[in-house]
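Structures are listed in the sections that come next.
Paired with subunit B in one complex and with subunit C in the other, subunit A is shared by the two complexes that follow.
Moving on to the complex of A and B:
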């Protein structure tokens, strides 16, 4: 075998039948171990068999259908992207960094799973099989080199009248034999999988099987070839006894990026726009439209329950929408959009003008409303379109069989969106229909009655409802850090009259923020690049740390405790109570 | 890949350490055999004297010390063994609770001992339980006088903190690493708030990637029989073993870019730097200079 050439080619790593539902298959190619698993959506993943955190094999992990969970510390990695979606040791943080496992290209063809270790893979092309049905033979692992096996296979063919060697490929891992006897005209293609320098798996596909062959004849064929291959294995392993065992192939595992090598402090700052296509739309409730967005270029990035994206509309407007599908469902993003009665062109454009197959730009997902999964009890409270981030959370918890209650307050039955997804939650879903504000308050009071340690509530909905929920929670002794909320918008009156000075500790700049200008604007003018999204103090994206001075908070993102602590602020709306502030940027 | 490693140790820091090889109570006058740093050893107790020597020849007896319930020996010039004063307190029950073979390097085994994040996943229902997975902020430092790694203010939710305790609670731990291959854990004692129970891990490096992990449990607990303590500790080690044996690579990588640390791994980060600083090469993959 020519190792260099063989590494440029697609090699088999498993049979399709090895990837049974919710299983992780341990494969190996050129000495490199792979964790190969099929998600519930059918996608096959071939990853470095090693959790990035502490190097534990992912092949002993748990395939939950969407995510692969490491056995050691419960880190979760998403189908398709191999991005880490959850780190249980720090349940309050969305994984702060882009932690992504190494993955290898995969193709499923002709009953086998193939991978290629080259940076630029050639197009996969099927071998010229005979027409008719194909049977994948049982794979035979052999303690022998590819070369020794190849020799045994060709010797076997040479010594039989009815077997003819048709071809071998240039890098010598594939042999095609034709078998002609009184009953059959078959072809067997052997693909010798170079597991390591001295270990090989024989994979074989029998073609030319008549489609009317009955099951017992098929089985007879499989037995016959299995017996022959077992003999060949013995011959090859005996041959190996006479030879010196080669050194195992050295495997270099790509180091993690410099950014990941140190303990994290920074939060997720994803920039850059993605182009997505509207794959489908659905009028899921009165005045609510759901959109299914699929990527037209690259894989969509990993996201975490509670995340939102910025949608850049063709009319120039930018709007924020929560992702409603669950982390691990990375083949699409689903958002829900309510037509605002006083739309300034965002929601009305989406409802009236956006069509299937239209292409729009979106930001990478950001998460300022992350779901902790270490709660003893989780209560989700949605008002109207506020269901969207909570739907993602509920789906994630439902999928991993974690208990939760989802309270959904709607004006009427026809306002209930995403009914099909919601119906899966069965008794975990409680719908409250057509309540007036007083009734809503008393219902909230019942829901939030009994606070205990490690209970968490997540609420998203209209401003007044959020305000009510927060004050009822406070009255019922819920600590601030157990009450998580996301406002659609900031309806507080903003005071931007008082000028102040900011010192930037890391960039060494001192800047004046005059009345009528925001801190964010002044920073941008001075080339201090800061991510932002809603720019009205609701989403939390432009948060910075404050190291001196007292901020004047005008946002609805931070909790009361966080505001009182005064160690961070939203640059888009908040200002200073003191003459100057020092920021950690 | 070969399952044992036959290279002899040329790492002076490790050669000059004392290493535990067996519990005193498990040793008799009949010679027993074990391996240390790739070398075959024979040991026995004759007339109340412990004898340890290399098996392959009539070589001189190796240095021996008996401490903390175990026989310790050294293949180089021994440095003093670290102090564990609690062992001598008269009201403690000291139990040599387990000696278990694990196919992993000694530093990987120590790092696992320092790690709280795996409790809910590996020691489910005993040392931790989902959904209580959070590792709270804690402090780690290297002491100036004794050059030990010390982690303090470590708190973790434990489903059953003590026999007879109802419901879970936060348990407080202190970890010490006084020896490259040994660690001592102090855990709040359910019977006496002012004192701590002690669990010590002495890792015997049979070679670079095979160890025997020895445990000493020293508790102020009049109710637990030694057999119960032993069963408990062996259950815990038995749960760790398959995880450790599936770690790749088996030697501990000291290059920061080999793995991805999080805040919960502070003690591991300090431990790795501490090993690097001492120039330890045995059982680790040193960081490129």
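Moving on to the complex of A and C:
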């Protein structure tokens, strides 16, 4: 075998039938171990067989249909992206999107799963099989080199009148034999999978099988060639006894750099945008339209329950929308958009002008409203369109059979969006229809009775409802860090009159923030790059740490406790109570 | 299927695969029992005169049910299934051929114990055994097992013995297969065995032991 040439080619790593649902197959190619798994949506993943955390083999992990869970400390990785979606030891944080396992290319063709270790993979081209049905024979792992096996296979052909060697490929991992006996004209293509320097899997496809062959004849063929290949294995392994066993191939596992894992998200809105296509739309409720967005070029990035994206509309407006599907459903993003009665052109554009197949730009998902998966009890409270991030959370918990309650407050039945998804939650869903503010408050009070350790509530909806929920939770002794909320917008009156001085501890800069300008604007003017999203103190993206001075909080993102602690602030709206502030940037 | 009236006692050691066979079936049949720990390592309690008065062979597990004392994991599995499994799936006594197949695999399970378990004793419990030879025999058996299971899959047969339900043959073979890595016997080359172990982990009542991980839920739709 020509190792260099062989590495440039697609090589088989498994049979299609090896990848049964909810199973992780343990593969190896050129010494590199792979965890290969099929998600419930049919997608096949081939990943480095190594958890990023402690290096435990992912092939002993759990395939839950959407995510692969490491057995050791429960890190979860998403289908398609291999991005980490949850770290149980950090339940309150969304993992950095850059924590991502190494993936290898995969093609499923001709009944086998193929991968290629080259940087530039050639097009996959099928072998010239005989017409008729194809039968994938049982794979035979052999403790022998590809070369020794190849010799045994050609010897086998040479010693039999009815078997002719047709071809071997230049890098000598593929052998084609024709078999002619009184009944059949068959062809067998052997693909010798170089597992390691001295270990090979024989994978073989029998072609020319008559398409009306019954099950027992198929089985007969499978048994017959299994016996032959088992004999060839014995000969090859005996031959290996006489040879010196070569050293195993050295495998370099690409490290995921610390730097990359902690890099802040790109702030420049023109950079890092993804182009997506509107695949479908649905008028899911009165004045609510859902959009299914699929990627045009690249894989959509990993996201976590509670995440949102910036949507850049063709009319220049930028709006934030929560993703409603669950982590691991990485083939699409689904958002829900409510037509605002006083729309300044964002939601009305989406409702009136955006069509199927239109292309729009979106940011990568951000998550400032992450779901903990370690709660004893999780209560989700949605008001109107506030259902969107909570739908993602509910879908994730429902999929992993974690208990939750989803309380959905709507004006009327025709305002209930995403009914089809919601119906799956059965008794976990409680819909509260057409309640006035007083009734809503009394209902919230019932829901938020009996706080106990490790209970968590997540609330998203109109501002007054969030305010009410937070104050009712406080009255019922819910600690701040158990009450998670996301406002759509900041309706608080903003005071931008008082100027202040800001010192940047890491950058060594001292800047003046005049009245009428925001801290974020002044930072950007001075080339201090910060990520931001809503720029009205609702989403939490532009948060920075404060090391001295007292901030004047004007956001609706931080909890009261966090605001009082005074060790961080939102640069887009918040200012200073003291003459100067020192920031940890 | 029903909880027992008089309590069964299992002389048990947590790290023993043979004891695990019995714990698995007790749990799958939902039979209540008390566990009496016999420290195999390092105390070697199974070789004391106290334990030899219960089982002169000095081996684990031992099961006591009323007046009956049983001392071999296969015998115990046969007894529990025959006596307590009303469905007769676990030990299908009514069908001669099936019953013989189950017995064949019980013998095969003993061969696995004689190889894979021995390698584990050498690696993890410092027994003076030829671990390399044990591993080689285990691999020969695993090749046969994988081939059998692959052809069973081709015929939509999920278990060792043909039929829709698992039998004590599966329970007898499972523990020292799933613990084989502790004897440095990798199962990478046995994909059909790996899938079969996933199926066993999804049998209602399945329990784990140290070194055995649970499976995730099966696909429902």
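Following the convention adopted for this analysis, the second predicted complex is superposed on the first by the 570 of 585 C-alpha atoms of A that agree within 3 Å, B and C clash if a C-alpha of one lies under 4 Å from a C-alpha of the other, contacts with A are read in each partner's own complex, and residues count from 1 in each chain.
Following the convention adopted for this analysis, contacts are C-beta pairs under 8 Å (C-beta built on N, C-alpha and C of every residue); 3 or more make two chains touch, one makes a residue touch a chain.
Values in this document were obtained by computation on a predicted structure and should not be read as measured data.
Shared-chain residue A:71: touches subunit B and subunit C both. By the touch criterion stated above, A:141 is placed in contact with subunit C alone, subunit B being left untouched. Look at A:63: by the touch rule set out above, it reaches subunit C but stays clear of subunit B. In the superposed three-chain model, the partner touching more residues of subunit A is B, compared with the other of subunit B and subunit C. Applying the stated contact rule after C-alpha superposition, one finds that A:402 touches subunit B and leaves subunit C untouched. Of the two partner chains, subunit C is the only one touched by A:223; subunit B is not. Touch criterion not met for A:120: it reaches neither subunit B nor subunit C. When the shared chain is aligned, no partner comes close enough to touch A:298: not subunit B, not subunit C.
Looking at the shared chain after the overlay, A:22 reaches subunit C, while subunit B stays out of its contact range.
In the superposition on chain A, A:244 makes contact with neither subunit B nor subunit C. Within subunit A, the residues touching subunit B in one complex and subunit C in the other are 60, 71.
Of all residues in subunit B, those touching subunit A in their complex are 1, 117-118, 120-122, 130-135, 242-243, 246-249, 253, 255-266, 269. Touching subunit A in their complex are the following residues of subunit C: 147, 150-151, 153-155, 187-189, 191, 194-195, 198, 213-219. Subunit A meets subunit B in the complex at residues 33, 49-50, 52-57, 60, 71-74, 87-92, 99, 248, 253, 255-258, 260-264, 373-376, 402, 454.
Within the complex formed with subunit C, the residues of subunit A that make contact are 14, 17-18, 20-23, 25-26, 28, 40, 59-60, 62-65, 69, 71, 138-139, 141, 219, 222-223, 226, 230, 401.
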